[in-house]
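Each of the two complexes below includes subunit A, the first together with subunit B, the second together with subunit C.
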Partner chain A sequence: MNTQFSVSPENKPIFIALGFTLVIILIGTGYTLITQGAAPMLMPSYLAQQLQIGAFLGVCAAGMMMVILLGHIDLSIPWTLTAAAMMATTVGGPWAIPAGLAVGLIVGLFNGLGVSVLRIPSMIFTLGVDTALRGLMVAHTGGFAPQTEATPLMRFLAADRVLGIPVALFVWAGVSIAIAGLLSRTGFGKAVYATGAKESAAFLSGIRTKWVIVGAFMISSLCAATAGILLAGYSAKAYQGMGNPYLLPAIAAVVLGGTHILGGRGRYIGTLIGVILIVVLNSVLSIMQMPEAVRQIIYGTVIIGMLLVYGRETTSRN
Partner chain B sequence: MTKAKEEIVALRDVSRYFGGITALSGVDFTCHSASVHGILGENGAGKSTLIKILSGVLKPSAGEVLVEGRPVTYSSTAEAVRDGIVCVFQELSLIPDLSVADNIYIDTPPKRFGLIDRRAQRKQAAELLARLNASEVHPDTLIRDLSLSRRQIVEIAKALAKSPKLLILDEATSALTGKDVDTVYALLSDLRADGVASIFISHRMHEVDALCDRLSVFRNGQHIETFDKGERSDAEIVRLMIGREISAQYPPKPKRQPAPPALEVKNLRWENSLKGVNLKVEAGEIHGLGGLDGQGHKELLLAVFGALKGVEGEIKLHDKPFRPTSPAACKKAGLALIPEDRKTEGLMLNLSIRDNLLLPNYAAVSRGPIIDSRRADEAVRDGVTRLQIKAGDTANPVETLSGGNQQKVVIAKWMMLDPDIVLLNDPTRGIDVGTKQEIFRLMRDLASAGKTILFYSTDYAELIGCCDRVSILYDGGVVAVREGDALTEDAIVAASLNLHERGAA
Partner chain C sequence: MIAKPLRHNRGFAAALILFLVLFVVYHILHPRGFSTAVFIQNANETVAIAFVAMAQTIPVLVGGLDLSVGSVMTLTACLASYLVVGTPAQMIFGMFLTLLAGTTFGVMNGLIVVFGRIQPIIATLATGAIAMGLALLLRPTPGGDIDADLNWALTNSVFDFAETFGLADDGNAAWLQPFANIPVPLIILLVVAFGVWAPFKRTVTGRTLYAIGSAESAAKLSGLPVRRAKIAAFGLAGFFASCGGLYLAIQTSSGNADITQAGAYTLNSIAAVVLGGTSLLGGIGGAIGSLVGTGILRVISFYFRILSVDPLIQPLIEGLVLLAAVSLGALRTLRIKNKLEHFR
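Up next, the complex of A and B:
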């Protein structure tokens, strides 16, 4: 009944992910040392630039973690992100960012009510919401790239640097501290874990599980909207399909970081490492100048491979 | 009865360790054919480990297992089943979304041309169910539509389908109601006559007494003693089990003072389960709910606790109308519910003991939205001491605790809120004698402090021993209330069957 490990099962995937990250960095560095005689991956400026791009994914993954902890999933990330970016640039001026965030809150509320009150499986409901949002945005823009531009504040947050550090990293850090604190230091966070572990038991313990679910979905969409605003600032404008590359990596980062895909277990630090792992993997593949097709194949294979390693860990424990 | 019995299984000096913990140490144990062998012991005594080794779930760390004289090492339950060793586990192993027949023949379906012969499967399943006096269960019913008691019967049918030489029943009767328990008794006698051996584990002493030819007592992973039925008195057996004398099993009932009603239920209706329940529970009273399984007890408690939708009728708390809209609202109103199934309704098994204890209590240990970890630590410590939960580290998952200690966690998390009305749904199921006594004592202490207890139990002896009054439910309504000298097993059984109203039907 009892197993004794020096590393708790909860932290094990985190160490594995960390190990993988180091291995990938070593491979990349070895490759560049041999081919170019330099180690760009270990240069602070290069790392900072990579992490700046990683910040968009990091913010998405932070929100995604909330719903995965509940045993749900949010597939509306891509178009929530895009819609928030488009609304922000459309409104412009001082209200650009609040407008973008409001999109996130509304979509999240809608997702949460659909899943918790209507009891529609989140996989279907959020996918439907994603498609509906795409339709709305196509109607709004006429299917072309919007001509509106990001406000200076959005550009500052996404693309500028303070003391040599990209501002986007501060935003990511802020979101991270908020989510990590929420999960470990508040009753709401504990209720998220409990609801994900056993919804019936949490309900009978007097937890308002419906509102926990709604809250988690709102945080997820709010994070996606934040990422959209940042990404629009980074590219100076919003564009169709800008959120598409963020869905799978966000889920992968959360799961690689040790959050149980069926909910109830996981630590935020793991998600953070999961994001870094994916960013590092991407940059090594681009340093190796792999053709896009090969990159996609390797990327997918590595994710599946690492999940296989985890799967074995859990089955051998029982 | 002939005494020429063969050895079916024998353990020789078997030990089993989990990490640093010893679950069984140096156990010698023999079980003969054509016998019913009872195993007694508190939770954590090693009974579950013993049967897991016998049935191939676990391998012994040391020692050997002999089946009909041959040494064996099973690496799966399937291998044990091939040798005729079949186990009915305490944790129900049925798949809720499959039919009864599919579940019974899940691993060995009857086949025709390589495909499952559904007709034969249905017929054989119906025969097995008839043998278990459960012919009203249709083989095509889905498991999730059956009550816990019926599910357990299906579980036993599933084991019988494998034509066992040794049938192991681990707490298999704890979820059963009176009639089904009798069926299982009769079944075990039949099996004994056919030369089949049974190992029977139960926390209900009178069952073990009524049923078994031979008894073995385990304590702390050791085999203490094996003896024939009747060689030892109940008191001696209990002493062997817990290693010390126990005084009275139930705390004394104080003389009941009339008190204002704390909880009043009028004409409560819900779907087909509650058909106008009327109930008045006074402050400072332990009020029992009796009756056969599936007469609406569970629904009544859930309805009062706000967990059901569409409940009609009136509920009053201390003479004030109250609408239980959700468990969260009931928690605020001072209600607490200890649910029926601690594994799915009471606990988050893979979360830590600490998180489970704190779950309903975060509002009390937080400043604003932020948890005050010092107050949380204190609350956890208080909870653990108050119910004497035996836990090494409260950061461990709650599933590492024994059944009795898990139940204590469920109770402790509610006690931390200091509830005014406590609803208990069969809280002693599958729990050792020592923990049961602690729960009874706690209930009496709470009642003496003016709290109100509504207590459902499938064990009539508990109702009689603990309760000031008992309401008996039949078909979704209260048919009788008994107290004082009128509170006897006969009275409860008679009322459970609703005999006086329907005559001697």
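Up next, the complex of A and C:
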């Protein structure tokens, strides 16, 4: 066979996801050419607008990937995002964004300690933290949408454009470069992969796995908080349940990008393509004006179908 | 006989004691004391989530997770709102079809996990979306018209059940009196739990579930039917989820494809499973424990009604109780002497 075109198993899902994305764009364009005689999906302005909305998901998925690489999961993203947005708008002024990010750091530290020191499965611990955060925010706002508004800086970061490109895309790009650099260029990144592959082996080779886990959870919550601040800027205020639509798509984007759900394997570029795939899929479905029911079915079928195409993994890893 | 599971699973024993204490104190604190009406109401509010929690238990036992249980419950509830109508014979056939549909969906999950070799958590995340889509197709808006007699009979006491269907002298027969005040929903729950789960657990397939959860490679090398057991685990999860959906449809006389509600049921089911002493790593626990776990979750929310807790801080207390309860499991780590044991 021609070795020049061989693809390593780690990159195979990434190429498949890229192919799927192009196919979805082609289907969408074909549909609009037939029904409207135009191809809005190929217009840069339309793509920029879709990616601007996708930036919130992209930032969440970047953080989620750190945790999934460890073989853990962060179910507290919805209310970490909401709490950060609410705290940012409540504090207001120049300290709005630091306040929101601080919420993320504190929640992440708490999650990380619960998982690494108390050894409670992340699935259930972060679920409990999510419920407790929801409780805190309901008590804080009195159960209503808070009256406070996003600061001008938050609005600029989420909704404005520089040189015709949405600023949110720059934020997303910044987060992406930071995470990709962290994973591929630093000792911490190597430690994350090692801990995710086999925690006991990583521990015995001298990696302080406890702090690796705490660090990954803090990055995850920090990303969720960033997304919350952006989303509050985009919609000018924070509201109850604003984070709920981001949890499952974030997990899906990470997994579709080739990161193994049990940890240890995955590249950031894959997560990036996974997010774009989901954003493009959503926008094609809304162009076709699919009802919610059909969207859900297509969404699920695409995930299953793609994972089947990625190839069946060998059974037991232990 | 009962002491054996208690000795073998401290988590289950602790959950049972916690539940009994919470339940007894609740009825002592209740302004009207223990009454059949309150007991029936409690049972009614527990059944659907209890079935979903039992459904979740079985995939968890094999070291997986089923994120579609809430959606399958919603889908089957929507289905039941169309099928459980007409003559009694038609209604029974409709119930049968509803349970069959849920079980089929579960088996499909199992097939995807076993033959597609996709991790359960992500496979069921996707099939859950499909189930939700199907439910929305069936019931774009809430609706349905389930027989009022059936609704009344199944959500009240045994006496009301007998009276509705003219059994046992309209419920006045002497032999019925010892049971007359037991809530029907509780009986349904216990009959399904002990009639389906308990016998299943003793079969080779059932034993294999525990073996897979403890050490999958060892189970496979010992010649146990690993594939069959995994498919059965997800199929049974679909069956229990559809029991929950069927009951919810009868209870509310309608089907409602509510995405938020489905998600809440799925997440609460995980909490109930953990509270009931089942290990998320697999191999330890059981569906009966999850019944107790559900009981704990529900009783905590019953307290809010009688203690006049400010509704605004109720979600906070729920969250903190959940965190505290799962953190109790961390006491195990204090006894561990060899640090490597942490990584199991």
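Side notes on the structure shown:
The rule we apply is simple: the second predicted complex is superposed on the first by the 306 of 318 C-alpha atoms of A that agree within 3 Å, B and C clash if a C-alpha of one lies under 4 Å from a C-alpha of the other, contacts with A are read in each partner's own complex, and residues count from 1 in each chain.
As a convention for this text, a residue touches a chain if its C-beta (ideal position, glycine included) is under 8 Å from a C-beta of that chain, and two chains touch if they have at least 3 such contacts.
What you are looking at is a predicted structure, and each value in this text was computed from that prediction instead of being measured.
For subunit A, the partner that touches more of its residues is C, with subunit B and subunit C as the two candidates. Judged by the touch definition given at the top, the superposed model places A:Val167 against neither subunit B nor subunit C.
By the touch criterion stated above, A:Arg265 is placed in contact with subunit B alone, subunit C being left untouched.
When both complexes are overlaid on chain A, the residue A:Tyr193 reaches subunit B alone and has no touch with subunit C. Contact with subunit B, but none with subunit C, is seen for A:Ile207 once the two complexes are overlaid on the shared chain. By the document's definition of touching, neither partner reaches A:Met87: not subunit B, not subunit C.
By the touch criterion defined above, A:Arg185 reaches subunit B but does not reach subunit C. Once chain A of one complex is fitted onto chain A of the other, the partner contacts of A:Gly114 are limited to subunit C, with no touch recorded for subunit B. When both complexes are aligned on chain A by C-alpha atoms, subunit A residues 200, 203-204 touch subunit B in the first and subunit C in the second. Residue ranges on subunit A touching subunit B, taken from their complex, read 1-4, 181, 185-188, 190-191, 193-194, 197-198, 200-208, 264-265. The residues of subunit B lying in touch with subunit A in their complex are 18-21, 23, 305, 307, 326-328, 330-332, 337, 339, 344-351, 355, 358-360, 362-363, 366, 369-371, 400, 413. Residues 65, 112, 116-119, 121-123, 125-130, 132-137, 140, 215-217, 220, 257, 260, 263, 267, 270-271, 274, 280-281, 311-320, 322-323, 326-327, 329-330, 332-333, 339-340, 342-343 of subunit C are the ones touching subunit A in the complex.
Taken together, the subunit A residues at the contact with subunit C in this complex read 73, 75, 114, 118-121, 123-125, 127-136, 138-139, 142-143, 199-200, 203-204, 244, 248, 251-252, 255, 261-262, 291-301, 303-304, 307-308, 312-316, 318.
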